[in-house]
Each structure stands twice: as structure tokens, then as C-alpha cells.
Amino acid sequence: MATLGLIEYQNASAEVRAVYDDIMATRKTDWINNFWKALANDPPTLRRTWHSIKEIMAPGELDALTKEMIYLAVSTTNQCGYCIASHTVAARKAGMTNRMLAELMAVVGMANETNRLVTGYQVEIDERFKV
Amino acid sequence: MATLGLIEYQNASAEVRAVYDDIMATRKTDWINNFWKALANDPPTLRRTWHSIKEIMAPGELDALTKEMIYLAVSTTNQCGYCIASHTVAARKAGMTNRMLAELMAVVGMANETNRLVTGYQVEIDERFKV
Amino acid sequence: MATLGLIEYQNASAEVRAVYDDIMATRKTDWINNFWKALANDPPTLRRTWHSIKEIMAPGELDALTKEMIYLAVSTTNQCGYCIASHTVAARKAGMTNRMLAELMAVVGMANETNRLVTGYQVEIDERFKV
Amino acid sequence: MATLGLIEYQNASAEVRAVYDDIMATRKTDWINNFWKALANDPPTLRRTWHSIKEIMAPGELDALTKEMIYLAVSTTNQCGYCIASHTVAARKAGMTNRMLAELMAVVGMANETNRLVTGYQVEIDERFKV
Amino acid sequence: MATLGLIEYQNASAEVRAVYDDIMATRKTDWINNFWKALANDPPTLRRTWHSIKEIMAPGELDALTKEMIYLAVSTTNQCGYCIASHTVAARKAGMTNRMLAELMAVVGMANETNRLVTGYQVEIDERFKV
Amino acid sequence: MATLGLIEYQNASAEVRAVYDDIMATRKTDWINNFWKALANDPPTLRRTWHSIKEIMAPGELDALTKEMIYLAVSTTNQCGYCIASHTVAARKAGMTNRMLAELMAVVGMANETNRLVTGYQVEIDERFKV
């Protein structure tokens, strides 16, 4: 189910369990998805990745829903099947409606199209856009 | 400045001018950026692309700012220099603050990281995430 | 001008000159572009890459123009500035008109858009499409 | 089978049916593939995407076969499984032989290789290639 | 199992068998994986691809393990499922431990993240880094 | 020089200076490159990114040179100009010779080619490769 297997809670070290507990508490859920169980084979990566995600995805100037939709937009652009599946669920939990999903995908599709049109036509950056 | 050159307003056909006029009216601006001037070499693509963008980027369930930030997230993931430059300006005009930009980029970076971790570890999609 | 510098003909070894001569003869031109001068720092890669390209790009069931346009489509999707610049010139030399370039880019843009729409919507492959 | 489900003809609105009818008439087929049934959850995207594809993929200076092969080249570069499956079938229908497929893939592979060699070696664009 | 089917040894031409024999001898194995059986539908691509890989992956200044890990890093970045699966096995055979795999994936994830942060922030290349 | 400008040491807050000091001490250098000066506009991202990189890039089962070459392989695949420039310098500092660079790029190019060949031919994963 994953290259190095999946570490279930009952088989996890105290260090890994502490991360799992924090994931469940932060997300108000009672299960751990496969991504974390795979990363648990490498506790430093598990810990670092979770702490980064926890900090980055916490509501700030952008709310949780907006952040989840941005995550989904990137995952769709990268054609990451697991990430699209998991972050579609996460975004819905954060309030994404079917209509919002449709609008999100329309923007993602369009941006991927125009990214290539502008580069393919070798368009130089306008002076007004330069930093 | 672009493979087929840039079509300035004064040299444009009536068909192209009509699109330019609509772009300026819709965006409440008095100039046309190079992307459109390059596409104007192919009026059907100019017309179709503009009409699609106009429809897609209009506020709906997602507001204009959220849409612009999603556009910027995709463009950053694709490493499209022109698109990052132009949509950073567009997103700011729609209300993106420096703090929002920083949070947006943090999410984009993180998603690009975890997209690879999950695929590299060959993690199978959890049953609960399947459609 | 390149990480390891550019190897000019007059400074090249006999092995490298032989490849340069074959490139110029095959392409009916009297100059070598920077890509080859950079690869010449690693003669085995220079030789292998040139022989592969020479074999792959030779007219077969697909003519030279079609092959050049496919090369340009890939380079545009990958946002490779050098490749877009050089293969636009190569495709034009092989007969690509402005109108063909515009149609090519329209297809490239559209494919990049629908690639994300279909993945983002998590669409399952139709039975009829399976190999 | 897709995030928002698939809209079958019998359950579709008149607006969606009109698009389905046009797809079948244009493609001279009697069925609709999953991509369109997924997009039908968002009628404006269904309509816009279909009209764009219909316009872009119609024979022009480039014939239908060339356009389908370019579509397949982009989809392969983006690693889009659904798109590769569906456009391989579409390209075959437009006349792509096994030999053409093999040549197409050889060019796609080569372009993906040299795109990275040229960028990895940090090769500067030749003056003669600049627009 | 592949677009053009898989060519098994017993059904292969002498030309294809010669490549299969060389693959098995070089890799000290008694079977051929699907990738080669698919390419065998196009003998020139089979031959060229194998000869290139054989030359490139042979130990040089970089040892076989390092080369396999680089291959895996690229395949992970491109989200190529087949390549990740096959090169994870190949890298393990060349000596990659679980711990090395974990460190490799951590670097791959981080590089994918910072690639987007630096481009998203539109950071100009430092003079000291220019070639 | 960057969307939000570059924060020089003399204008930096104590929090940012502490990170700059740690970067210079860890890397045994007396200057800060633009990437960090851009991230310094968002101290939490600066701090988190630096701590992650410091932890990930420290020698472990993989030595510093191998890690830098993997970083460069990913950056090349993603066509990130800044990252290629900076990590080429970093890899050289860690001991990468011209010959190693050439071998690295040959592997990166080949992997990018075969990633597309295998996906384009729709090759199914061999049972022996499945996790």
C-alpha cells in the first residue's frame, strides 16, 4: 500500500503517536490517512511535514477554505491523484460547495491554458508588470 | 517581443479592436498588456480566450480575489514567469495584501512538496477519499 | 553563457568536430547553436543526443514539419524558453506558417486545460478507452 | 466515478442534452465519454469547453490527425492517464497508425529529454533564435 | 496492458531478442519488464533507448546507486507511477536502504517546494550565481 | 528584484537576522543570497524553510554532495532557472566536478524521456514492481 508500508497507530512509536494525536486533535477527526502512515517510516519527515502543514494551513489572512482550494489547484496542476482525492474531501469539509469546486476547476484549467499560450508565443513581460 | 509580433490598437482590425475595447472596459483600465497583443495575431484565439477568461474570472461563488490567487498558484506551480508577473499585479488590484501573498506562496510551496512525497512513497488512496 | 562554457569549432576536439560537421551537413546550415556547444563539454552526451535526434527527427511516417511541431508542443508545455525559441525557428524552416503556429498553440493550450479538468474532476477512464 | 458524479443523457437538462447532441453529431458517434458527463455538473464549463474544443480541433491549416497527435503529445508530457487513453483512441480514429504512434512518442520523449539538458546546462538563447 | 500490446520473448524478432538478451545480461536478471516489451513494438526506439540507458546508467564518476536515486528523484517530480515503482526496485537492488529512500524523498519534496517559492516571489538570480 | 523586495541584513529585524546568521554560520559563508532576502518579507516562512532545509540537507545516510545533486536534478526537471543556478554553485562547492555534472544531466534527461515513453505507451506496472 506504500513503498515502506503503513505504520498503524498500535504499532507506532511514542514519537509517531504524538504526531498522530496532534493530527487528530487539530483536524477534529478520529483517523489518520495513509499519507501520514507512510511518512511515519521516517519520523523526522513526519514531524517536520506535519508541523509545517499545521502552521501553513491554519487560518491567517486567508481562511481555511481558501487555503484548501489553493492546495487543490496545485495538486490538480501537478496531476497528483492522491492529493486531489484527499484535498477535495478536505476542501469540502472546510465548506467548498459543488459550485465552488466547479469554479475552482474552471480557473485551474484556464490558467494552465494561458500559461502555455503566453510562453508558446514568447511574449515579453510588460514593463508595468516588472518588479 | 513575441513570436508573431504585437498588434497595437492603432494597427488592429475592427474585430481585434472590439476585443481590446471590451478588455479595457471590463478591467476598468486604459491599456492592453502584451499577452493580448500577441494573441491578436490569431483573432479567433484572441476572441475565444478573452471570452473564456471574462466568463471564468467574473465573481461567482468565488470572488475575484480568490480566483486571481488560484490563477497565481497555478502559474507559480508551472513556473510561468509572465503569468506570475501579470497575475501578481492583478491579484493585488483585486485586494491581495503582502501578507496574503506570503500565505498563498507558503501553501503553493507546501502542496508542491507533499504532492511529491505522497507519490514518491507510492501511497495508495484511502477508501474514504475515493469518489 | 552556459554552466561549463561553450565549445567553439576552432577549439573543439576531432570527435566533437565530427559531430558538428554532421549537424551542419544534415541541417544544411553553416553554424552550430549553443545547445550543442554546451553539450560538447561531454562528448558522449553530445554524440548520443545528436545521433538520437538525427534518427528521431528524420522524416518517416510523420514528416519533418509534423515532428517539429510536436517538439514545439512539448517544449511549450514544459515552459522551456530556449527550446521554444529554437524549435519555433526550426519548425518555420520546415514550413510552419503563422497560421499553423497559431493553430498549434491553440491545441497546446486546450490540451493543457482539459488535462487538468479531467484529473481535477477525478474522471475514471471509460471502458472503451482502456487498452 | 468522478467527484461530482456523471450526468447521463436521460438525466440531463435540455441545455446539457443540446451539448451532448452536438458532440455526438460532430464526432459521428452515438455515445458520450465520461469527461463530458463529469463537466455536465457545471453546464457553463461544459458548453464553453465543448465549443472551444470544437472550434480548435476542426481542420484548418493543420488537419485533424495532426491536431490529435499534438493533443496526445501534450497529454503524454503532462502524464494525464485519462487524456492519453482517450486521445490515443481519437488519434487512431483520425488515421494514426501504429508506426505514427511510435514516431510521435519518440519525438515526445526526445523533446522532454533535451528540454532538461538545455535548461540544466543553463544554455543562453542564441541571438539568431531571439524574436 | 499497453497501447500496442507487449512483445514477449518467444514472439519477438531476432533484433528484439538481441536487445532483450543484452538487457538481461547487463542487469543480471532473467526477465524483461513491461516497459521494454511495449517499446519492442518499435524496434528502433527499443534499441536506441536501451543503448542510451545502458551507457548513461553505467557507473562513471557517479556510481550506480547515485544514478538510480537521481532517476527516482526525477520520476517522483514528474509523478510517473510506473517509473517510481520500477526505479524504487532498481535503486534498492543497487543498495538504497529505507533510510536513504526517506532522505531522498525529503530532498525531492523540499526542492519542489523551494522551486515554487523562489519563482513565485519573482526572485532575481544573484550575480554570484550567474554563469 | 523580487515581488516584495529584498530585505538586507542592516534593515532586518532581530528575528530575521538570527536566521541570516545561522545560514551564514551553517554554510560557512559571509553573504545571503536573494532567495532568503525575499522570504524575509514573511519571517515565519523564512524560519520554517531554513530550518527544514538545514535539517534535510545535513549529511545523513546520503552525503551533502548527493543531496545537492538530487536538488539540482529536481530543479532541472522543473525548469527553475534560479534554483539551477544556485544549486549548481552549491553542488560544486560540495564537490561536484564537471564530469559529475555531465553525468547527472545525462540521467536527468534520460529519466525525463522514459517517464513519457512509459506513460505514453500506457504501460501497466509489472506485478514484481508493485508495493
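Structural remarks
Just so it is clear, A, B, C, D, E and F label the chains in written order, and each chain counts residues from 1 on its own.
As a working rule, contacts are C-beta pairs under 8 Å (C-beta built on N, C-alpha and C of every residue); 3 or more make two chains touch, one makes a residue touch a chain.
Keep in mind it's a predicted model, so treat the numbers as computed, not measured.
When each chain is reduced to the average of its Cα atoms, D sits farthest from chain F. Counting the residue numbers that touch the partner chain, chain B and chain F have less than half of them in common.
Each chain gets a centre from the mean of its Cα atoms; the one farthest from the centre of chain E is B. Across the two interfaces under comparison, B-E and D-E, the one joined by more C-beta contacts turns out to be B-E. Taking the mean of the C-alpha atoms as each chain's centre, chain E and chain F sit 21 Å apart. Chain C has its Cα centroid 34 Å from the Cα centroid of chain A. Averaging Cα coordinates per chain places chain A and chain E 27 Å apart. Residue positions of chain F touching 2 or more other chains, listed in rising order: 1-4, 41, 44-45, 49, 52, 56, 77-81, 85, 88, 99, 104-106, 108-110, 112-115, 117, 119-122, 131. Per the touch definition, chain A reaches chain C in the complex via residues 72, 76-77, 79, 81, 84-85, 88, 104-105, 108-110, 112-117, 119-122.
Of all residues in chain C, only 3-4, 41-42, 44-45, 49, 78-80, 131 touch chain F in the complex they form. The part of chain A that touches chain B in the complex is made up of residues 1-4, 31, 33-35, 38-39, 41, 45, 49, 52-53, 56-57, 60-62, 66-67, 69-71, 73-75, 77-78, 80-83, 85-89, 97, 99-100, 103-104, 106-108, 110-115, 117-126, 128-131.
Listing the residues of chain C that touch chain B in their complex gives 79, 88, 98-99, 101-102, 105-106, 109, 122. In the complex of the two chains, the chain C residues touching chain E come out as 1-3, 44, 48, 52, 55-56, 131.
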